[in-house]
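Common to both upcoming complexes is subunit A, partnered first by subunit B, then by subunit C.
Coming up: the complex of A and B.
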C-alpha cells in the first residue's frame, strides 16, 4: 500500500481517483491470474477427454470441436479471455451440460456464508481476546491466551476439523443430542465448521490486537486523555480501542484470502458442498473449464476484496490520505 | 538499520557480563573496557537469554537427528505390512497365542426342539473353541419354528433390539445354529446377538453373548515374521509368543507408525527446508537486483512480483502441483517443491527490495560509493551483511509454513503419492480411523505441530535477537 500524507488536492474526489487506479491494477491482476491458470492448465499432461472409456476418433473430434480444443492454443487463449470478459466460463467437461457459471452460482454462496461466519467469529473473537490479553498484560489470563494462540497457529487446521467432529460425536452420544457432524442443510451445520475455519485467523488477530494495543500504550494522546481526567474505561473505549483497531482492518483483506482457501479442507472434511470442494474435485478430474472458471473467480474475488479493504482503510483512518 | 541499533544502544545500556568489566591483562587497571562484539555475537548473546527459542533450537536439532539417523536405530521397514497387527495401538510387549493356520470349524446343524424359546439373556448361546482375533465361533440353541437367524456384533451391551450393532450375516434354515466371525477382529469385548426369523418375519426377541477376543497369530504368519524358528514350529502351537513391538502403533495396513514417521519426516522436512532455502535465495537475488537498480526497472520488476502475490496461494499451489505432473513410480515431491518455490519467492523479493532501498540511502553506503566502491564491493561488504539477519528470520518463518503447505496438500490427497509417506499423508490415512484408532492421526499431527511450533518460536527469538522489523503477513 502506498499512501503519502495529503499535500495537494489533485481532484475534488481523491479517493475516487485512487479507487479507479486500484481497480485498473486489479483488472490487470485478474488478467494475470487468468493467463497463469490457462497456461498452467494446458501444461498438465493428458486432457479431460482422455478418460477410461475408449472413444472413436470421430467422437473425440466432435467433442474437441465442441469444447474448442481443436483450435491452436493461442486462439483458445483468445476465446478464453473474451469469454471471461463477458463473464462466461463455459461448460463443465465432467458434468455434462452444466455451465460453470451455474456451478459457481449454486455453490459459491455456501462457501461465502461459511467464510463470512468464520470471519465474524475470528474478528470479534480476535479483537476481544487481544484486548483482554493486553489489558491483563503479564497476568495469568494473558499468558494463557497467548499460549493458546501459539498452539492454534502450530496445529494444522484439518486436525482441529477432525477433532471437532470427534467432539460432536462424543457430545451427541453423551447427551443424546443430534448436532450435525457433516453435510449442509441448515445454518446449524455451519456453526462448527466456521469456528474451525476461523481459528487460525482468530489467533493471528488476537496477537495483532494485543501488540497494537500495547504499542499505543505510551502514545501522547493517551497521556493527554489521562491528564484530562478521563476514566480508564473512557480512555479504552474512545482512544485506545479505536486506534488499535486500525492495523486489524488492514489485515482483513489477507484474512479473507486465508479463510477462503482454508475453506477447501473444512468443506472437504465436513462434506459441505461449497465451491472449494468442487475446485479440488475438478482438479482431480482435470475438468479444464471448472478449474479455470473457479480459479479466475476466486482470484478476482480476492483481488477486489483487498482493494476494497484498502479503500476502507482510508475511510476508517482519516489521517491517511490515499492520494499519491 | 545499523545506525538505529547503535543509537538505541546509547539510550539503554545492554545487559553485560561481569567478567567483561574485569581489568584487562597488561593494561592499567583503571581502564574498564568491554570487548567489542560483532553483530553475530550480539545477536547470539541475546538469543541465549530467550529460553523458548533455545528449547526450540534443541527440538529442531533433535528432529534433524530423528530424520537423519532414525532409520538406522529403528530399522523396521516402513513399507512392511504386518497383517497380524492392523491399526494396533502403541505397544511394546504384546503377546499372542499361536494357533493353527487352518480354522477347525464345522457348522453345527441341530434341529429345533419344540419346547425351547429365546430369552434376552446369553442363555442358550455358547462359544466354540477359544475366541481370538483370528476368528470367533459360537453356537446357540435352535429356536422352535425359526426359518433362520440374523447375527449381529456390537462393542457394548445392546440395550434394545434396534441397537444390536453391525449385522454380520444371516443363517438360512432353523437348524443352522452356529456362526464363525472373522471380520476385522480386535482384542476387545464383543457382544454377539442373534434374532430368529420366522415365517411372518423377524422375531422381537434376541439373545446376546459376550465374548472376549484374545490376540492370536496363525503359525505360518509367526514363522514368516521370524518370531519362531521354522524347524520346530509345531512346538509353539497353543503357546504365547511376543509380537514385534510397535512403539507408536501401526496403521490401517499394519505398517509400523514410528518407521513411517521417520520416513515421512524425510519427505516433509526435505520439502519444508529445501523449498524455503531455494525461494529465499531466489527472492534475495530478485529483490536485491530490483532494489539496487531502482527507478523504472524496479517498478516493472516489482509489478510482476505484485501479480504473483495476488495469485490465491493454495489454489495455485494445487494447480501448479498438478501441472508439473507425476509420472508413474514418482513420489510427487519434485512438483510440490517446484510449485512452492514458484509461488513463494515474490514475498521474499519484496521484503529484501524494501530493505535494499533503505540501505541505499544510508550515509555509509553513500560514502563508500563516493570513494569509488564498485557494485560487488557494495553488495558483499555492505548490503549482504545487513540483510543476513532478515534473511535468516525469513527462512525460519518460511520453513513452518512450507511444512504446513505440504501437510495440507498431502492431506487433501494432492501431495505425495502413496506409498511414500509424509506427515500430511499420514494424517490423511489416520483421519479415516479417527473414531476407532485415534493414535493414527495423533502422532503425525503431533510431529507436525511440534515442528511448526519449534520453528515459529525460534523465528520469534531470532527476530528479537537480530532486531528485525518485519511486516507480518498472512496467507
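Coming up: the complex of A and C.
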C-alpha cells in the first residue's frame, strides 16, 4: 500500500509509472532468462552442426562462419543480445531458411489456444469442485472429490494423456464414432488435450478453493453477514466466494507457467503443432536460435502473465490494488 | 417484556467432552432499556448473545436449551427463513473487532445497503442514499465519501460506526453490542459509547451491552447482569448492584477498576486465579476457589438466587426484576462475622 501512495504522489500518471516499473523489472527478468539459457545451452557438448551427417572440415568451417559459430562465445552472446533487442531471433539451424520469428508466429497461437482452453477448464472446474466439496464437507461427495484430487495430483500428466487416447480409441470402436485422437485440424482436436493439460491445475485449484472457503467459514465478517439476516445463499455468493477466490488468483500466475510447460508434453503426445513441440525438438537437436527464441519468448510471456495476474488481483482484492 | 430469556444453556460438544459455556441463565430486557452484561473473558457473555441471535443454529455440535422470547414469540425454535427475517431487522448485533467484522473486499456502502435491500426491499440506489444518511447519523465525517471506500481505508473507530450504522439500518427493537469498544483506543471508546446512548434514545431501542469494564457498565446500564463461568451470579438495577453489591465477584470487579488517584508504584488490583474449567464446572459456586469468603457449603452446592433489598428496586421506573445474587453469604445460616467482614470491604 505504501507503494501505491508513493506512486500516486510522485506522478500524475500512476498507471504509467507502475507499468514502466513492472516492465523494467520484467526486462531484467527476461535478460536473466536469456543469459542463463544461452550459456547453459553452450555448455551442452556438441553444437547444431554435430547432428548433421559427416561433413568435411572445410564445409563445417563455412557453415560455422555463416551462422557466426566461429566467433568467441562472448561475442556471440553480444550479437545475440543485440538481435533480440531488435526483436530478431535469427534463422533456425535445422529448418532450412525458416526464421524463428515465423516459427513463433505460426505455432504459438495453437499453443496459446490449447493453454487458454486448459486454463479455463482448470479454473472454472477447480472453483466449482472446490466450492462443491466445501459446502458438502465430510459428506460422501467431498470425500470422492478429494480422493480424485489426490489421484490426479500424484499421477503425471502424460499417463492421463496416453490413457485418454486409449479411451477415445475404445469409444470410437464401440460407438463407431470418429473423435480425433491426435493431430490438429479443428477445435474438437483440442478438447481432450486441453482437459488432460488442465487436469493437474484443476486438482490443485480444487484443494485450494475448498480450504480457502472452509477458512472463511469462521471469519468474523461471515458472522456479521449472518447477524444481518442474509440467507445462506446470499452469504455464499456475496461474502464467501470473492474472498475465497483470493488464493486462487494468487496461484494463477504459476498455474499459467505450469500449463505452458505442461503443454510441451501434451503437444508431443497429441501431435499438436504448437510451439512447445518445436521447443522440445530444438533442445534435442541443439537448434541454438530456436531454443533461445522460444525461451526468451516464453519468458516474456510468463512475465507479462504475472503482471496481468497482479492487476487482476488488485481488482479482486481492493486492499492490494497496485494503482488506484 | 420485549426480550425474555429463560433457562438458556449452551453446550459445545467436543471430542474431549462438552463445554458448558452458558449454564441456565435468565434475564429480560424492556423496551428502551439498557442491560449490561459484565464479566471476564470466557464466562459465556458472547456465547449467550450469539445463541440468542441464532448464530449457532447451523452448527451440529452446539446444544442450546431454554427459551428466548421476543415480543412473546419463541426464537430458538424458528425455522431458518423466519430467523433470517428477524436477524438484522428486529435484533441486530455489533461485534468486538470492527476491523475483522466487515467484509474486506466489499465497499462500505454495499455492506450497509445490503441490509436494507434484504429486509426492506429497497432498490440499490435508494439503499445507497439511505446508507449515507445512516452513516451521517453515526457522525462519521464525509459519509458520502465513506460509502465508496473499503474497510481497510477506515480507522477502527470509523469501522465501528459503520457497524453501528449497519445494525440500526432497520430500526431494530434490540441492539446487542458485544464489547463494541474493546478493540478501540480510549478516546474513541468514549465517542462510540456516547453514540450508542444517543442512538438508543433517538430510536427508542433496547440495548444489550457486553463488557468486562465496570466503568462502561456504570456509564451505560439500567440493569446489570454479572456473569461468571456461564452463570449470571448477580442481577439487578445498576445503582443497587454498584452500591449494594451482593456478590464477592462483583465486589472484586469493582475493586479492579483502575482509579486516577491510585498510588504510584503500587500494583493495580487484580482478581487472583482464573475461571474454572468449563468442561467440568464445579458442583458448587464456581467462584469458590478465588473467593475471600468461601465457606464449606460453597464447594458443595451452588447457592440459590437471594433477593436483596427489594424495597429499593421496587421504585425503579421499569418495574424491573429485583436485585438478586447467587451467594451463600446472604443465607440466614451464614455466620455473622463473615457477613460483617463482607459488608466492610469496598
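One rule holds for everything that comes next: the second predicted complex is superposed on the first by the 297 of 324 C-alpha atoms of A that agree within 3 Å, B and C clash if a C-alpha of one lies under 4 Å from a C-alpha of the other, contacts with A are read in each partner's own complex, and residues count from 1 in each chain.
One rule holds in what follows: a contact is a pair of C-beta atoms (placed from the backbone, for glycine too) under 8 Å apart; a residue touches a chain by one contact, two chains touch by 3 or more.
This one's a predicted model, so the numbers in the text were calculated from it and none came from an experiment.
Once the complexes are laid over each other on subunit A, subunit B and subunit C both fit without any clash. Shared-chain residue A:220: touches subunit C; no touch with subunit B. One geometric descriptor of the composite model is the angle centred on subunit A: between the Cα centres of subunit B and subunit C it reads 100 degrees, in steps of 10.
Contacts of A:144 after superposition: neither subunit B nor subunit C is touched.
In the superposition on chain A, contact of A:234 is made with subunit C only, not with subunit B. In the superposed model, A:242 makes contact with subunit C only, not with subunit B. Counting the residues of subunit A that each partner touches, subunit B and subunit C differ, and the larger count belongs to B.
Of the two partner chains, subunit C is the only one touched by A:317; subunit B is not. Superposition on the common chain places the nearest Cα atoms of subunit B and subunit C 8 Å from each other.
Comparing which residues of subunit A touch subunit B with which touch subunit C, the overlap is empty. Within the complex, the subunit A residues that touch subunit B are 25, 28-29, 32-33, 36-37, 40-41, 43-45, 150-151, 153-159, 162, 165-166, 169, 201, 204, 208, 251, 254-255, 257-258, 260-262, 264-265, 268-269, 279-280, 283-284, 286, 291, 294-295, 298-299, 302-303, 306. Per the touch definition, subunit A reaches subunit C in the complex via residues 219-221, 223-232, 234, 238-239, 242-243, 246, 316-319. The touching residues of subunit C, when paired with subunit A in their complex, are 50, 53, 55, 58, 80-81, 84-89, 92-93, 95, 97, 100-106, 114-115, 118-119, 150, 152, 163, 166.
The part of subunit B that touches subunit A in the complex is made up of residues 306-307, 310-316, 318-320, 322-325, 400, 404, 407-408, 411-414, 424, 427, 431, 434-435, 438, 441, 445, 448-450, 452-453, 456-457, 472-475.
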